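First chain A sits with chain B, and in the next complex the same chain sits with chain C.
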Partner chain A sequence: MKVRNYLRVPLAWQMLVHKKKRLALSICGITFAVLIMFMQLGFFNGFNDSQALMTTKFAGDLVLMDVRRAHLNRWTNMQQMRLAQAAAFEEVAQVIPVLNGNFNVRNTETGQYRRTYALAFPPNTNPFEIEGLAELTPLLTRRNVVLFDSLARDIYGDLKVGQSIDVNGHLLELGGLFNLGANFTNDGTVIMSEATFNMMVGGDRNQVSWGVLRLKSGVDVERFRQKLRDALPIGVSILTPEEMRSREISYTMRKAPVGVIFGIGLIIGFVIGTIICYQILFNEITDHLTQFATLKAMGFSAGYLRGVVLQEAALLGVVGFIPGLGGGYLLYWLLEDMTGIVMFQTPGRALIIFVLTVIMCVMAGFIAVKRVVKADPADVF
Partner chain B sequence: MPGRTRLLSTVLAWRNLMQNRKRTLTALGGISFAVLLVFMQLGFLLAAERGSTLLYEDFDFDIALLSERYQSVSKLGDFPRGRLAQVASVPGVAAVAPLRVRNTKWMNLETEDDSSVMVLGLPADPSWVRNPGLRDGVAQLQRNDQLLADSLSHDDMGEMVVGAPAQIGGNSFQIAGLFEQGMSMFSEGAAAVSAIGFEHIFRGGTSKVSIGFVRVAPDADTAVVVQALRDSLPPDVVVFSRTALIKQEQAYFVEVKPVGIVFQVGVFVAVAVGVVILFQVLSTEVSNRLREYATMKALGFGNGFIYRIGIVQALIFAVMGFIPALVLSAGVYWVVRVLSRLPMQLTPGLIAFVFGLSLFMCVVSCVLALGKVRRADPADLF
Partner chain C sequence: MSDLPPSSSQQPESGQTATPFLIAAEGSGKIAAGFKERPKEMKPSIVIDKVNHYYGTADTRKQVLFENQLTLWPGEIVIMTGPSGSGKTTLLTLIGGLRSVQEGNLQVLGKEMKGLAPSELEGVRSKVGFIFQAHNLFDSLTGYQTMQLAMQLHPYTDEEFKTLPIEMLSELGLDDRVHYKPENLSGGQRQRVAIGRALINKPQLILADEPTAALDKDSGRNVVKLLQKLAKEHGSTILIVTHDNRILDVADRIVNMVDGHVVADVDVQESLAVGELLQSCDVFKDSPAQLIAAISKEMKREHFEAGQEIIQQGDSGDKFYVIRSGHVDVTKQQPDGSSKLLVKLTSGAYFGELALIDDAPRAATVTATEPTELLVLGKERFLEAVETNSDMVKQLRKAYFGS
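Moving on, here comes the complex of A and B:
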């Protein structure tokens, strides 16, 4: 029995590699099915991740905001006084107020105004971890200087550092470019100092959008949050950036039909993969029917033969997944470049597709194996 | 004779496929799903395009005036109402009417949750309105606290019942009627009010217009009137013909937002998969029948005859794979419409396009798979 178990994998493997050209074709088919699944899952995650991108850029332990500011594109502000209340705790190292709005930035070439996500904070502070921003924040000490996202959609025209830029009808100076990225709601982001922002909206200076809290090292975030919770009115939400991210993603999933769109795509990819895999195994079995019947005549059990086919199926899944994974990386990279949607692979996401691939192949194996079990030695000889 | 060989090759192709029905069926299944995937991707793309222009479809106009700040239907901007009066005297203009559009908050009175709602301030004359619910509703808006609600709004906004109270931008309203719009991609729902109702919600807005509708006189040429309007208006207003506006809107949604690329890549991958499946089927078919083909060649049939068998087989696969895909996608479209309220529609144009793609898949895989036939040498067999 031990010998037989040992024999099985090489047998399944050898049957697969018997015809190299056909194996290559089979792997190609499975790879494409894997690619469809990667693509659909990638778009699904990419859409959610892009919508929540900004939440991952908050560089603080806790973020305070009005309780009605339930997602990134809701504009309810809170009183600045709440930040002062929080700053009074000895555990707090720094509190940075952030203002957020929607401004119109004019494309200098076409003259068209484009709605743009705007962020502002006091000069010489940096509440965000945005690539390229830290070096630029000193520029914000000058009034009327703004920073712009180099990864914004190309609807703003060619923007050069040092040029003047029309924001809400005010001519400001473009001080520098940072790298953030656009999503389905926002085409671009502009950053400025609190003073410049207030000059433009002429709004209530006692209001802020978020307060980014940094705690002294060694302070337990959860315990401090509880303490702060007790001190602040219920109209204030206290969230970690990670909680903001998951809240944003669940909001996006609830409001946008992406789950349905890409979920259907994923199912179709899975079914296609199953059919392709079934076809491969079917041909494989047809070709080797004589050998299977011979094995049976030699006394190998139906269970053994079934094992061989299922192993062939699983091997196909594993072997087809590898180029699929490679192709998935390439596809994500290409699409990220083309669309600006953040698309990345995580071990967990790749694992989901791997498991789906193996299930798909083994399922096809179960359907295809019936023929082997029925293979009658008497028919062959 | 040519007619007879053609018939013979078709009969042979059919018999070849019928010989191993189970395998033929799975192959058809594979092709069907690849075609279904194409249908889904294109359906989503077209739904996104259509979804972006639903507002314009609801109104009957030839030319639209928009603010220079106009970017897309979700960012319309506004311009001084006086421009409309200015335009009425331009030759070729038969009538003008204002539409106001602004977003505000809708409160679900049961859950007290806020949703974003697009509010339309309708023109008083219902002849400008195409959407049947909206057109009939214009007359129902008697008081300044009555509104028409979009029955396709997001469920979070609560159930839309005629006569029920509603709260919009902090003002109490009553639902006087329902219409169907479902612009789910921009706001969670829509509501329509009269000009006074609009003023009731957004105070101080009577001097502004979001879209100025223009109807062209029967004997006038739209393009000429568009030019005349452009010449007579200052640069704070932009002028689009109806078709140009719809095109521009779809282009914004599909090209600026990455929706277009997402689904185009999906179509591409789906077609590639279809080719791989068809190629697999045809090439196994050819290898299995190589002896038969060689025999036929020995009997005096040319390569062309054998190619034809392969081509007919591929055509049968493409056509027979397409039909179940069409039926399945009708079902899936319905499910998606119910689940997501995306305006997915199987139009004749879409069906024809996808059928063309299926034929294309079939041609490419034929070219790839039939190379072997040429090499089928009777001498190898006997």
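Moving on, here comes the complex of A and C:
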């Protein structure tokens, strides 16, 4: 069958790969922009996610807290009595009180005290899903035993399991290490029993930071929350761990300027990429202006020429993204290793960068294509 | 005393079948040797009628084309010459639909070009094969891909997409260079690829601007010969703008432009035939060949219907005539008022020279007896040609006046 096939010759691709040196330089340019965007988005997400890291570790259906505790680092406590009220419901399987505070842990080598995030809960319970913690919780039945984060930033010296650890001037025993991770506000985390915690802060104040509620199987969480809501005073918030996480992230984004900083960084990366891509396409078009004008003289429409340039732009984006992705992962790995802050690269976030890269190149294509459309076929003669 | 030498009415007819364009003129059944005639149903590929063109606006407005008239026919190779800035290229871009027509009428392949929308111009362009001074090939495409790129403009089968490029490149002598990119081809080979690109869609019209400018003598000739061969095979019209004298011989017609005017439109074959005809006339027997060639290009065609009078006895003569096709009767008014038929003349014969040489009134009346085409030369030019040979004039006088 005779058909008019405007895609028979992959002109855009041929033009792109014809000059290897130029292609390599072009890919470097795009890769550079992709890396900038990866870093900024990585920092942005790494910051938000690591700030909210703790919320993802709550192992319960609902978490109770004082309504003023709007984020993880607000210290307003709640009456322990509220937990007893919640426990009275037959739907509730278990209620675990959790305490938190900031203690000073001494570096074994320098002797300096470092501020450390502290969590505490009753022995033989485990309100968290922290890697390596479940096996260690029986140790907490002993007084003066604490657990420490193996992924804490490297500022505590050489802490060894079974040896003593200085917390707020008390010499305690390091019972074991769990894997949690640091963030921008907490360098490390120490976990202890409720009793040890109260000993450190000087007595039981009948107050708790959070209450982790586990419901019996088959109980509708939403319906029970309503029931609990009606029973408890308005000063108590009842959230799922997922709600805590999104609240934490939106708080961080709203309140912490870093989100804005990295957001602007991302935009700058995008703009730099657009400029680089435009420059590449501009050179490509300038070098082939007579050829493009010739195509016009031959009867090709402006739409076809526009298509060639935009195709080339999109291809440039795809070709430049691949090494950018590899480089991005490498840099993430290096940064995680150096800072202990997890960058939380996910396929979805890589996809965001990919889409941004293609948009970036196609935008540059749209700017550059004007030159092609203006190419006057009468000038070829 | 006759107005014509006795020998000239008998022209040999053997040359009539030598050219495929030699088709008998309507009615006459006869045309002078070497002349061509187009079939009646043939439509011109390009008709340029009173085309004016201007560059710039208001104060800087400058006219570059003036009232141009030109008609090109299928199968013709037309070479356009003229100094740079004479408007050749402007005319070419107008014909190719690369510029919009401002004034006058321009018909290309049966389509009126004035006032066409851009998309319609694209349609016309896709029916035209363009060959440029520079090859303008994409350095990233092989010859094969270049052909396919051009083919994208028209519907083809998958099979044709694969085979036609190879066939075309083979015809161009590039069968061993099918998958080479321009960087691995010589200048001549690149230009041949560019020609292939122009010809692959078998356009009815090919426009070439200095196609040989970037080539050495041999490659230039090859390229033009190829163009001629392929174009004749496809029956296309080819218009070549060039300064290259080496390729003039392939032309069927040579159009000369000066300062935006078409100053000469010479049908090469026609003028060659005219030249031969003139050379066979006694009056020009000893005139230099160059002068004959020059004169033959200047002769204008005039058409007379049956019964129309060409020369009136007693008038003062100012033109010399050669019969291109048709028949005329030469009659002389007798003192008694009756008219006597002196002779019947047919194609290849000439008349009217006597009055010019002798500066005397016409000695007889000449009337067309059927639709007749005459080639006409002005008196001054005629005398110039004749007087270069004073012996000839003397002989003529002797022959005619017996002195």
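Here is the rule we go by: the second predicted complex is superposed on the first by the 365 of 381 C-alpha atoms of A that agree within 3 Å, B and C clash if a C-alpha of one lies under 4 Å from a C-alpha of the other, contacts with A are read in each partner's own complex, and residues count from 1 in each chain.
Assume contacts are C-beta pairs under 8 Å (C-beta built on N, C-alpha and C of every residue); 3 or more make two chains touch, one makes a residue touch a chain.
Here the structure is a predicted model, which means the values were calculated and not measured.
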First, second, both or neither for A:Met338, with chain B first and chain C second: first
Of chain C and chain B, partner touching more chain A residues: B
First (chain B), second (chain C), both or neither touched by A:Ile155: first
Partner chain(s) touched by A:Gln14 [first = chain B, second = chain C, both, neither]: second
Touched partner set for A:Ala33, first chain B, second chain C, both or neither: first
Chain B and chain C footprints on chain A, overlapping residues: none
In the complex with chain A, residue positions of chain B that touch it: 22-23, 26-27, 29-30, 33-34, 36-37, 40-41, 44, 68-69, 71, 75, 77, 114, 154, 156, 184-185, 188, 256-259, 261-262, 265-266, 269-270, 272-273, 276-277, 279-281, 283-284, 332, 336, 339-342
Residues of chain A touching chain C in the complex: 1-6, 8-9, 11, 14-15, 17-18, 288, 290-291, 293-302, 376-378, 380-381
Complex interface listing, chain A residues touching chain B: 25-26, 28-29, 32-33, 35-36, 39-40, 43, 68, 104, 111-115, 153, 155, 184, 187, 254-257, 260-261, 264-265, 268-269, 271-272, 275-276, 278-280, 282-283, 331, 335, 338-341
For the chain C and chain A complex, residues of the former touching the latter: 89, 92-93, 96, 98-99, 118-119, 122-128, 130, 132-134, 136-141, 145, 148-157, 160-161, 181, 197, 209
